[in-house]
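Just below is one structure, and these are the notes that go with it.
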Amino acid sequence: MEFKDNIPIYLQIEQYLYRQIALGELKAGEKIPSVRKLALELTVNVNTVQRALQQMNDKGILYTKRGEGNFVTENTELLEETKQALINNELETFVQNMNRLGVEKDQLIPELEQYLNSEDEK
Amino acid sequence: MTELLTISNLSYKKNQKQILHDVNLQLDSGKIVALLGENGAGKTTLMRIIAGVAKNYKGQVSLEGEEKEVQRKAKLSFTDNLTGFSDSTKIKDVVEFYINIFTDFDENQFEELRKFMKLDPEMKLSQLSRGMKEKLIIALTFSRKADLYLLDEPFSGIDAMARKRIINSIILWKEDQATILISDHFVNEISALLDEVVVVKDHTILEHKTADEIREGHESIEEYYEGLYADEEDE
Amino acid sequence: MTSFGTLFRELFKQKSKTTYLVFLIQLIAAIIFVIFGLISAGPGSYDHAMIAGVKVNALVAWILSIAGVFLGLSSIAQPVYLLMTSWRNEKINRSQTWRLVPMSNGKIYLCNTLSSFASFIYLAILQFLVALVVSGIVYLSSSDVRAGLAKGFSEIAKYHPGDNFAWLGLVAVFIAAILIGLFWYVIVSFYHFVSRAVIDFLPSANGFFIFVIRVVTLIVVIYLLGLFFNSLGNFAFDFVSAGSGNEIWYTDLLFLVADVLFGGLNYLLIEKFVEAKAN
């Protein structure tokens, strides 16, 4: 996994784990890999992983079982919210990019519909 | 976080040339810190002073409150280029030296690191490539149970695979409370690993920031580091 | 912290490899010389070898000649070994690998010097053992030799009745040899440390200038030595009355002071000024 060097890495690790959860790679109630394993997998500092996990703990996405590690919350509502946040994120990027290409807000939906239809015809 | 290394008002001259001037630095335990600066900026000298092998400096260096060189040497592990051994020395003989001399040397840990680095104990120092020698040095340095590890340019002149191995060994074997200071004149290869960055320029420590502080300003560590040296490139 | 004994053992272990090497070369050289001698003298040259007026067999004579040449070569091997080890000694004194050992720099210096000296003594002991073993072989080789030797000794005793062998004098000579041998290492380090401290202090110089500094330091060190031995020599000479047969004790005293004084200076120099070489 490649990180952008101009955004705090712990934030990127958080995003990475959210994505894993949203994609179902990590399921509700499942134990996530150990800090050191994650650090090695992502080639980052253990402290950085810890900071990311701490933030996720604070938000309630993860919970810690003493001596066992970190687990994904079973609160489906929270997981839905997280997924929604990811979707919003993607949409925000999409809208911004379209804007730069001169596609105004009211033009977005027709453009998208046209594109989806043409995709279906293929 | 507890205070590990404190350097205050450190100055060092050699051959009547100022090499370090009014250096102040404080490192906490449990961090991975880069010591960045151009070649000849004084990074190696600073490490040598911390390690107690460079003499005649002014100012204080204390490691866990100990200012005596002997105490510092016992608490830190410094990458040594093994120049004290003849070229025909085998790796296993170098290891024996470390086992005998350093009471905190963990033989089992070395075995694990040696296997991880794929080093053959029967090989002679003269047979090692640059990358292999660097891997051996790192394995030896990390096999000591120290509070502070000083890695002097561990990535210079080695290939990507060796670098990856060394970085992974840092992640895998670093004890939580130990601090690692890595000097380099190039930051990209280790930037994802860093907690803090210390930049040496004009014979002193120009800045000391956390990696997150730098990135929160939407700057990469490389941009930040190059920015500090930018004025020189204009000349 | 590393103990003095641990470092000493490690240093001695490495240095004794050189001891064995020199010993082996000395032995091989002796054998080669004797073989050459045998070839040039022609066959049967040992047929009439005599010891203490008694004929011995050719093998014993052969072993004896090797031992003789071997011991003769000691006078070359020992100075060569002294030079080799003091070179090694100074390399270790400035080696970062050794200076990183958790021990004070002064102690590392002492440990290094003493282990070099111990390895030198070790060489002398090995050489002495050769003499001892060969004497044993000759002694056991035939009863005639034993009888001849006994006769020889009793004759010596007859000529010097009541003259006790001067054991005390022998001890004094032995101590002098040790102190002078040690002084060699101490003075080489002193020269090395002083010149290094000066080179590091003065503005960086090119090769020629460094050479000049080295020569000047050498002259100064020799001058200092002259000064030391002159002034202290006169003092000590008054102290131990001359001509009383105690001159050797006076030498002992002189070199003891020299070893302690210059060794102490070295200790200070390496603690305060002499850095490990950057590697």
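Read from first to last, the chains carry the letters A, B and C; within each, the first residue is number 1.
Quick note on the criterion: a residue touches a chain if its C-beta (ideal position, glycine included) is under 8 Å from a C-beta of that chain, and two chains touch if they have at least 3 such contacts.
For reference, the UniProt names are A = GntR family transcriptional regulator; B = ABC transporter ATP-binding protein; C = ABC transporter permease.
Values in this document were obtained by computation on a predicted structure and should not be read as measured data.
Counted by C-beta pairs in contact, the busier of B-C and A-B is B-C. Centrality by Cα centroid goes to chain B. Here the CA centre of chain A is 75 Å from the CA centre of chain C (ABC transporter permease). Our note on geometry: chain B versus chain C (ABC transporter permease), Cα centroid distance of 42 Å, whole angstroms.
In whole angstrom, the spacing between the mean C-alpha positions of chain A and chain B is 35. In chain A, no residue reaches two or more other chains under the touch definition. Within the complex, the chain C (ABC transporter permease) residues that touch chain B are 1-2, 6-7, 9-10, 92, 95-105, 200-205, 272-279. Those residues of chain A whose C-beta lies close enough to touch chain B in the complex are 3-10, 36, 39-40, 42-48. Touching chain C (ABC transporter permease) in their complex are the following residues of chain B: 14-17, 44, 48, 51-56, 69-70, 73-74, 78, 80-85, 97, 100-103.
On the chain B side of its complex with chain A, the touching residues are 30-32, 164, 167-168, 171-172, 174, 176, 188, 191-195, 211-212, 215-216, 218-223.
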